[in-house]
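One structure, pasted below without further comment.
Each chain gets a letter, A, B, C and D, in the order it is written, and its residues are counted from 1.
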Amino acid sequence: MVSFECDYIAGAHPEILKRLAETNLEPMSGYGFDPYTEHAKEKIKKACGCPEAEVELMVGGTQTNAIVISTMLNDWEGVIAADSGHVSVHEAGAIEYTGHKVIELPAVDGKLSAESVRNYLQTFYSDVTHEHMVIPGMVYLSFPTEPGTLYSKAELRTLSEVCREYGMVLYLDGARLGYGLMSKACDLTLAEIAELTDVFYIGGTKVGALCGEAAFFTKGNKPKHFLTSLKKRGGLLAKGRLLGVQFDTLFTDNLYFEISRHAIEMAERIKEIIREKGWRVYMDSPTNQQLIIMNEDEMKRLGEKVRFDRWGVYDEEHTIVRLASSWSTSEADIDELKRV
Amino acid sequence: MVSFECDYIAGAHPEILKRLAETNLEPMSGYGFDPYTEHAKEKIKKACGCPEAEVELMVGGTQTNAIVISTMLNDWEGVIAADSGHVSVHEAGAIEYTGHKVIELPAVDGKLSAESVRNYLQTFYSDVTHEHMVIPGMVYLSFPTEPGTLYSKAELRTLSEVCREYGMVLYLDGARLGYGLMSKACDLTLAEIAELTDVFYIGGTKVGALCGEAAFFTKGNKPKHFLTSLKKRGGLLAKGRLLGVQFDTLFTDNLYFEISRHAIEMAERIKEIIREKGWRVYMDSPTNQQLIIMNEDEMKRLGEKVRFDRWGVYDEEHTIVRLASSWSTSEADIDELKRV
Amino acid sequence: MVSFECDYIAGAHPEILKRLAETNLEPMSGYGFDPYTEHAKEKIKKACGCPEAEVELMVGGTQTNAIVISTMLNDWEGVIAADSGHVSVHEAGAIEYTGHKVIELPAVDGKLSAESVRNYLQTFYSDVTHEHMVIPGMVYLSFPTEPGTLYSKAELRTLSEVCREYGMVLYLDGARLGYGLMSKACDLTLAEIAELTDVFYIGGTKVGALCGEAAFFTKGNKPKHFLTSLKKRGGLLAKGRLLGVQFDTLFTDNLYFEISRHAIEMAERIKEIIREKGWRVYMDSPTNQQLIIMNEDEMKRLGEKVRFDRWGVYDEEHTIVRLASSWSTSEADIDELKRV
Amino acid sequence: MVSFECDYIAGAHPEILKRLAETNLEPMSGYGFDPYTEHAKEKIKKACGCPEAEVELMVGGTQTNAIVISTMLNDWEGVIAADSGHVSVHEAGAIEYTGHKVIELPAVDGKLSAESVRNYLQTFYSDVTHEHMVIPGMVYLSFPTEPGTLYSKAELRTLSEVCREYGMVLYLDGARLGYGLMSKACDLTLAEIAELTDVFYIGGTKVGALCGEAAFFTKGNKPKHFLTSLKKRGGLLAKGRLLGVQFDTLFTDNLYFEISRHAIEMAERIKEIIREKGWRVYMDSPTNQQLIIMNEDEMKRLGEKVRFDRWGVYDEEHTIVRLASSWSTSEADIDELKRV
């Protein structure tokens, strides 16, 4: 059965499997001290136009969030996030497990506004008892957001300014970064993201890799003794080559961007089908995830031909259904959806 | 200068100091294995009409919250609290430091409603991905709440029912419990609180003691090896007698309730003064803390004669001012306030 | 250059890459809810003769240790390990990061003896203050041990008995389990390990996989809500298929055991070469890692032709050198070593 | 019955109770922002001859150790301690609870030697894999040590030099600091301790106070936002005056030193009695705790007249018995012991 369940239904882009096979028996040192990891880091820095940056490869998204946040926050600090953010809702408390609070602010269209962050900070610092409270040390965004929306360049710039004004780290979760960058609605480049944030990660798991996320410390701000902190958190992979070869491949010949663009094209086709079918849109998304509202009957019918995700509860009778495209979505998949 | 800054401006009730002095040179074992701690526990259980309960004395409120919550939650669980709750805002992330999320729901008049908790749980459990989220294992209330309001018996009963239905612990933070119970608006007894909750604590610090809170595990549900977990969290006092003598005194001859009643009488006098002066009330409180709204000029004038607390930010030009009574508030203090 | 640096110098066994490629475009649900993970679990349980067991696949060894230990220990407990154990030395404090102490006992030949564990426990429990100490809740072993030695069946049985007597979990770290089981010196079967321990893990990373370890809860004792605890610790892989396909392949047609046996045969050849060359043995090992003592000159000479690991410091002038074989070691590699 | 069980069998020095009573109804701000806390800090800095230091008052010893260690260590670091140290054995894993490893080195006479620390560090840093291990960031000493021994000035200086050479913090746990300083065997002054260490604490609980320890950051090195980190760990006392008045009293007119000297004189009398009785000494101690070895019969006899502590297990038939003097030990107590 054809599946639009999520953007991690398939394995890896075939080019990645090919490179893993080609390099398979080359003896290499572990823990990221292999040449492919080195190449991957260089290519990523080049793609970001940010030679002074430092890149660290990790296995998964929740892991990357927990490690980046907990190694960059000071003891007394917490991280501000949208109340719909991945770290707020869908990581089973992974940030709190590191001893830090997620300070949740109301999201609008899945996004944090600079205004709400600024208001929070102004109230916080005008409260004379704020030393008894978690001190905001970071702002967490995701790009695209959970429901698939995007920050504009102007929005990201304003958030960046607020962060710098208040001495906070700006962190951007790019689990689906490629799908954001290739969206027609996106007015940001990778280089601009590197300029405006302090740290972000480039998601591999959802964009062509078997696993892997590349954390990007933009300003010589990688935490000291990072390898030790990574190991302490169970995040250091023995066969670092698995991540190195994958990201080296993704950042060779623009592969990461090409396959992301393909996913966006497939998403545009899905949006057309949604319009044609008259399905009710939950939130308009310019990226690879489309959210629609369905009742049980509608889901039953859809489910006969297509696998999808019950993304959230809309009301007692309706569910928010996600139809996701990805690098692996084919024309045939789209045709199948059309026939529902 | 007379002070209504908070309910911990004075030392201990004189009877406590007297008993500390009388027992001072009796040699006793440490860590709570002294006779006064034993007596205190028995008297507290009697006052709660709950002989099968277990009592543990700790030093402070944030410590007690962190210890009770982290020893009673399972690894995968978090605690639901009002977004204005002490654990949500004023404990510098002490709960998160133990690795558990505080799941914040909007407070109404400082309170959590059973309805909002139930709605949260229904949505939570109807979300098929809820195993990726922090599972609610406890509901945290405070009585009185942060702004001084009270749960009615009916409200507490409904919350208790929700907790039992969903297998959650109901925990009541009684930092100011005496002031709640002695309020004219209170329709709950200590015994009813013991019946309706799973665990609560009786605050000493704010009700006549130098320090000390008595955690009350109502149903034979004290975590195993509690002494070890207490020590591990830095909460085990070597000279347990300091807590034992204080609570033994507070629960002899109804002292805890008598001094709480006095504070409430003084609070009623403060409310009269607020009415007379025409000060703007932020939230009506039937307990020992009165919250009013003032601008800088008004605070400056008030501050010439009286110490008060800037409890919170109301808007850009106004502050929420707290005037608190306590066991130590005297008629003379009230007269001084009148003269402002 | 030929490498005996460690047992994770190569990628995956070619059969694994083949299966990853074959299944690559099949759409599957994430987080381990794919058919290959299901098959892998069934095959592993069958190989262990333990149908009532529960299996969980994780990415790496340190991660697996931290997750198994922290989810199985009670709050007040710590884990006993040899002072040379991986959790004691080489995990950058990953166990302590979860809030639990590693109670280190002196190793003899890399092993914990039941006698030293029993002595520790007897002294511990006869100390009247032991409630002020970390209570031993688990014994951690590795098989093979860090220097490559093995527990005999009699030794494991006695350790198992001590654990049961004192109500402790017996946990066996099998990062190199295949190499232990296939050693000629091994008198234990996988089924016996499953019978004598409470939990262990079967290492994939060092035995043919790109990554992956299979935790095996032998007695219906998998921690509740394990998926949530796994996610909370950043250990839940989105594309669970990566682990599922690998372990499904390793446990099809005895592949795991066949490739382990090959590594042991290669190790026997290395031992012969060590004898021939007259190199000084640090500790005799019946498994895939051979430890020898060399000075800088000797290492320099060896290093001209062969990559090896500086495993530890022997004395000011000597280093303990590791020569490891693995599933990927070829006859040609051995010939090259011979020519040194 | 007379008790030599420990040095926390009595309440507070009477002068402290008197001052608590005298200041009892003065309204004061909480959380240490009261004048007595201010005075206490100034007097302590003066006593240490260290005006640039910063002092923080906390409630108990384990709490102070956990807070100082966890706020001063970096994420990737652990603390070196003697394997008999309080943090190694008797704090129920409180340091590990903060996520940091206690790296235990063998104690000689309860002490860490600079030589063993240096050897550990040399081996550590010559191990090429040390980034996979917990990096030593602090050395923890206690003065007096657990069995009551003392570091000489020369020993402390050498440890201080090792710490500076390797960029580590030197922390001295002074739970019984007064008893160390007043020992005839002590060749160190408080000012010298402040000079040679980076941080230490002056114990109140065991030296005349009801509770309280004064952490002393000697070199402008108090962790930033300390109040927030303290609150986060449940260590911030609402009525800071309880600690302030006590330390203000202890550091007025040399009270802390006078009462410590008295305890040492009483300890000398106990040593005489031990010699007279022919009791077997476990370890010779120049401070307030005397450790002797007794079998069950001997303890039974002693226990008829005297309360003592079973300090540790000596062998299957013998126990290490502690007889402690303190500021509260009277001549009459000593006479009673003589009559045993």
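In this text, a residue touches a chain if its C-beta (ideal position, glycine included) is under 8 Å from a C-beta of that chain, and two chains touch if they have at least 3 such contacts.
Source: prediction; values computed, not measured.
**Q** Suppose chain centres are the mean of their C-alpha atoms. Which chain sits farthest from chain C?
**A** B
**Q** Between chain A and chain D, what is the gap in Å from one C-alpha centre to the other?
**A** 49
**Q** Quick one: chain A and chain C, Cα centre-to-centre, how many Å?
**A** Measuring from centre to centre gives 33 Å for this pair.
**Q** Got the chain C residues that touch at least 2 other chains?
**A** Within chain C, the residues that touch at least two other chains are 76, 91-93, 97, 99, 131-134, 228-229, 231-232, 236.
**Q** Draw the chains as dots and join the ones that touch; what shape do you get: line, ring, star, complete or other?
**A** complete
**Q** Note which residues of chain B are touching chain A in the complex, please.
**A** Touch residues, chain B against chain A: 76, 78, 89-93, 96-97, 99-102, 104, 123, 126-129, 131-134, 310, 312-313.
**Q** Would you pull the chain A residues touching chain C in the complex into a rising list?
**A** Result: residues 1-3, 5-6, 8-12, 14, 17, 20-21, 23-30, 59-63, 66-67, 91-94, 97, 205-206, 210-211, 228-229, 231-239, 241-242, 307, 328 of chain A touch chain C.
**Q** Under the touch definition given earlier, write down the residues of chain D that touch chain A in their complex.
**A** 31, 70-71, 74-76, 99, 131-135, 223-225, 227-229, 231-232, 236
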